[in-house]
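Chains here go by letter, A, B, C, D and E, matching the order in which they are written, and residues are numbered from 1 within each.
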Amino acid sequence: MRQTILFLLAAVFAGILLWNGATILDLPQQVTNVGAYKIIYFHVPAAFTAFTGFVTALVASILYLATGKLRYDAFAAGVTEVALAFATANLISGMIWARYAWGIWWTWDARLTSMLVCLLMYYGYVMLRQAITEPTQRARLSAFMSILGCINVAFVYQSIAWYRTQHPSPVLGFREGGGMGPGLETPMYWNWLAMLCLATILASVRMRQGEFATEIDSLRRQAHSH
Amino acid sequence: MYLRQIWTIAAKDLRSEMRTKEALNASVAFSMVILILFSFAFDQAEDLKGLLGGLLWLAYAFAGALVLNRSFARELQNDCLDALISSPAPPSAIFLGKALANFALLMAVELISLGVFAILYDVRLSGKLGLLSLVMLLATWGITVIGTTFSALTVNLTMRELMLPVLIYPFLIPVLMSAMILTTDLIAGVPIATNLVWLRVLVAFDIAFTAVTVLYIDVVLVG
Amino acid sequence: MSLALEVAGVYKFFGDFPALRDVSFKVAPGSVVALLGRNGAGKTTLLRIMAGLSQPSQGSVKVNGAEAREAGTRRRIGVLGHSISVYDELSAHENLTMFGSLYGLDDAGKRADAMLDRVGLGRVRDGLAREFSRGMRQRLAIGRAFLHDPELLLLDEPFTSLDDKAIAVLQTMLKEMRDRGRTVVMSTHQLREAMELSTHVTFIQRGEVAYDGERQDEMLKDTSWLYRTYGDN
Amino acid sequence: MYLRQIWTIAAKDLRSEMRTKEALNASVAFSMVILILFSFAFDQAEDLKGLLGGLLWLAYAFAGALVLNRSFARELQNDCLDALISSPAPPSAIFLGKALANFALLMAVELISLGVFAILYDVRLSGKLGLLSLVMLLATWGITVIGTTFSALTVNLTMRELMLPVLIYPFLIPVLMSAMILTTDLIAGVPIATNLVWLRVLVAFDIAFTAVTVLYIDVVLVG
Amino acid sequence: MSLALEVAGVYKFFGDFPALRDVSFKVAPGSVVALLGRNGAGKTTLLRIMAGLSQPSQGSVKVNGAEAREAGTRRRIGVLGHSISVYDELSAHENLTMFGSLYGLDDAGKRADAMLDRVGLGRVRDGLAREFSRGMRQRLAIGRAFLHDPELLLLDEPFTSLDDKAIAVLQTMLKEMRDRGRTVVMSTHQLREAMELSTHVTFIQRGEVAYDGERQDEMLKDTSWLYRTYGDN
């Protein structure tokens, strides 16, 4: 069952990627103020996938604290790690883009920095998990951390609207002040969907791995206690 | 009952701090030195006015770290935390009590430093004090809550000192950032209306962090 | 009036090391249990779990059928750990008053004074805990644990560093508790002092319960009897 | 024998530090955050180049404070200092051992931060590294000696409440100032010859402080 | 081969409080002195002054006629205080090796291993001190104090938290010291354990010496005899 779903998701992901990739390549070179703008179809969906992941992890964390079921914890951990990967992808693609558009890898633009801070925060989350060996303690503390982290994600999300700096303002239609040219926006959403599929696959694999690790852990402990 | 417990904890912290004045002395001295060092470091900068808010809050943040670090460390000394946790006081009362004490100490340090700052950098504060104190109250509460939360979060860990700084600083940045921008503009005489968004950020942060922490601190303190 | 305690299937791992292995026993209301065992057997670990200061890796501890962590239950428990858990920068009296008001005692100040007299610190009630000698600190810690007249007492090596007088005082206090039907669990290596008082003995050996039952007369006469009989040497 | 004792102490400190990475992590994280915060605080400043040396050394000073504070605090944990003092190792060996360990840790932190700094602030270091490391070595030793002395002083309980923090920071200022000026100019490409006087200040300070401390540390450590 | 100790007219004030008042006594080479007294009598204060860890307000302490603070003298003294004075972040073995090389022992590593076996920590030689139980920590501290085979041992409540086996080991170690003519001064409240070993007794009462002389047979039979006879209540 689980496997079938995963394969299905993979298929959807591959399909969208092929079809959407072709669309994107065909798009006219019409946005001129920033070079190599097509990277936006990777850059922005990656960010949004990451945000989706963090929010999902928030929900899972709250569920864990409410129910005490370790499965929610494993889920939150998996999703956060995958989201972190996408956030990193956003950052790196942004840096590459920055190199083309602005000629530098990095600038102390508040927008970029808030994303960096967000990344650091969730790296902290991962470190925290590694530092604690007791499963329930790990689950409780990292759930708390995840909730705190989401406050900052909200901040990162909003900061793009507050700052008027080097980094472009919102472009997506559903946000205030957003809206791209006709036909430019839809492929973005498709890519987002594709990435969400990929993220789900990765997260469930990671979760699986986490469950195995817990199992191995308890087996080893059982062995030691005799 | 709840309020009395909060007050008991806060009073205890303040009393032991007043007895040694350890953290207080250290952090006032620290912030003085930062202010002095800054003036050396940046004497080449012409547009110093544009830096003042940043400078002030950096000094506050670092000086504050000294107070906040002491806060839960004080409970570790004779494993006092064990006694607190096994008392019927709910963890949120313990947390709020300590946060209140820290807040009072931080504000004291900040007010002293503010005076020195105004003299050293020749800043006229009259007429701006109202808004400035609003910003200070809000941002300081934010710093306090975050600092206290994370020292509580890590107090049970064997890797405590390792984790604390890595976890805490990213969270502090938004609060500090807002406070810096607001302060710089206040000093420069920019009307607050243009910066209302930052004020709102501060308030939102304070409320969000306080609420989440008070709700979930049990989870954290009882290991 | 008095609390029962039930430890069921408790495991505690530090990393892979099993400090407690499937520990189960019951403490009847009104009994005084001596928790014995060699250095590193797991007494402290067990007491901390019973006090709700640490979570078992598996298993559960129930105080009168409820979680030890509930505020209502905590009010009725008194805990004394290895460390004294009083504040160095506060005076003896301030320390006790402070804990008294955390426990919601209305006459915290007066009770603190009475308790200080009891443990022989009346004359130094305003001395800072930092300036106390080791035994005086332990006395203060005992005062803290007994202050709110708990129905269940968990004591970890309470006799440490006490002089003959203080030991006598503590023994009297414990006897009173026993006579009023309170429950006490204490770990100790000072067997003579503990055996007189205790009604039950639980003997931990490398994280497992090796003996659990009433105190037998042999134990009073020959303190090493227990270790010889149930210990694996 | 003396050298072996120094080495034993230094090795012990480094080993326990490596095991927890407490101070190291904290201070690297701290210096990152300072670099980030600075960029917020000072993003209005146009002539950032003129500030870079100051910025770098402030970050070092604050990050270093974390390492140095831990240094003698580590000896307080189980009253380990008692065992050290009652061992035949002379106080100056204890001091030098701890200073060496601190120096190594500080240099490690500084090198890591320097790399990050160069990337974040777009500073080209090639060709200047030789002189820069000379400045770093000299100034870091100065900071280490002063900081270690300070931490030894504060370890004696009765002295702690004195105005020590207030007294000690002024001592740091000359070292930091020289280092700041030298570094700013190095980055800006000013030839070292114009700044020889500052280099001399650094060397003089290092020698003077080390000599005085080694001579008189007994007084401080044995209460 | 063995050291004599002379305490002459020592006063120690904490603020206005006289913790020690005109304390004078001599410890002959090769004697084992039990330093007794109630909580707060001044035993720890005196031991710290004898070890050179704290300065007397008046008076002096001489070890074989020299200052205790001289490096040559310090090498021959072993000190065990209230706290264990070992590093939490180092393993048992690393701790002992480190102190061994501070004392200039050439075979520090081997000696450390032998000592760990002796105090029963051989199996956990690579465990961090932080993870040890209270008694295991005390054992490690004892190992540290004995490691360099000191000629004068100053021990403050060495029996604290030890189990029966460890107490037996420590007693054997002390007996060996005595038999080899080494000098030992130890404070304790565990009179039974200490009395067997000691050749002399010094009894401190509120900062003053109330009894100083050979151990008498009454003391062995009835441990409270001393307190009753020389104590003021």
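Keep this in mind: contacts are C-beta pairs under 8 Å (C-beta built on N, C-alpha and C of every residue); 3 or more make two chains touch, one makes a residue touch a chain.
Since the model is a prediction, treat every value here as computed from it, not as a measurement.
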Check your understanding: Out of curiosity, which chains are bumping into both chain A and chain B?
Key -> C, D
**Study point:** If a chain touches chain D and chain E alike, it appears here
**Key:** none
Study note, to complete from the structure: If chain centres are mean C-alpha positions, then the most distant from chain A is chain E
Practice item. Return the chain label for which the distance between chain Cα mean and whole-protein Cα mean is smallest. Key: B
Practice item. By the contact definition above, name the pair with the higher C-beta contact count: A-D or A-C. Key: A-C
Check your understanding: chain A to chain C: how many Å between their CA centres?
Key -> 50
Exercise for review: Could you please state the distance in Å, as a whole number, between where the Cα atoms of chain B are centred and where those of chain C are centred?
Suggested key: 38
Practice item. Mark out which residues of chain D touch at least two other chains, giving numbers and ranges. Key: 20, 36, 40
Revision key, fill the gap. The positions of chain A in contact with two or more other chains are 110, 113, 117, 137
Review point. When you check chain C against every other chain, which residues touch at least two of them?
Key: 55, 82
Practice item. State which pairs of chains touch, listing all of them. Key: A-B, A-C, A-D, B-C, B-D, C-E, D-E
Practice item. Within their complex, state which residues of chain D touch chain A. Key: 36, 39-40, 43, 119-120, 122
Check your understanding: Tell me, which parts of chain D touch chain B in their complex?
Key -> 20-23, 25-27, 29-30, 32-34, 36-38, 40-42, 44-47, 50-51, 53-55, 57-58, 61-62, 66, 70, 160-161, 163, 165-166, 169-170, 172-173, 176-177, 180, 184
Check your understanding: What residues of chain A sit close enough to touch chain D in their complex?
Key -> 104-106, 108, 110, 113, 116-117
Point to revise | chain C to chain E touching residues, read off their complex | key: 14, 37-41, 44, 82, 120, 131-136, 138-139, 157, 160-166, 189-191, 223-224, 227
Point to revise | Interfacial residue positions of chain D with respect to chain E in the complex | key: 1, 4-5, 8-9, 11-12, 15-16, 19-20, 74, 77-80, 82-90, 222-223
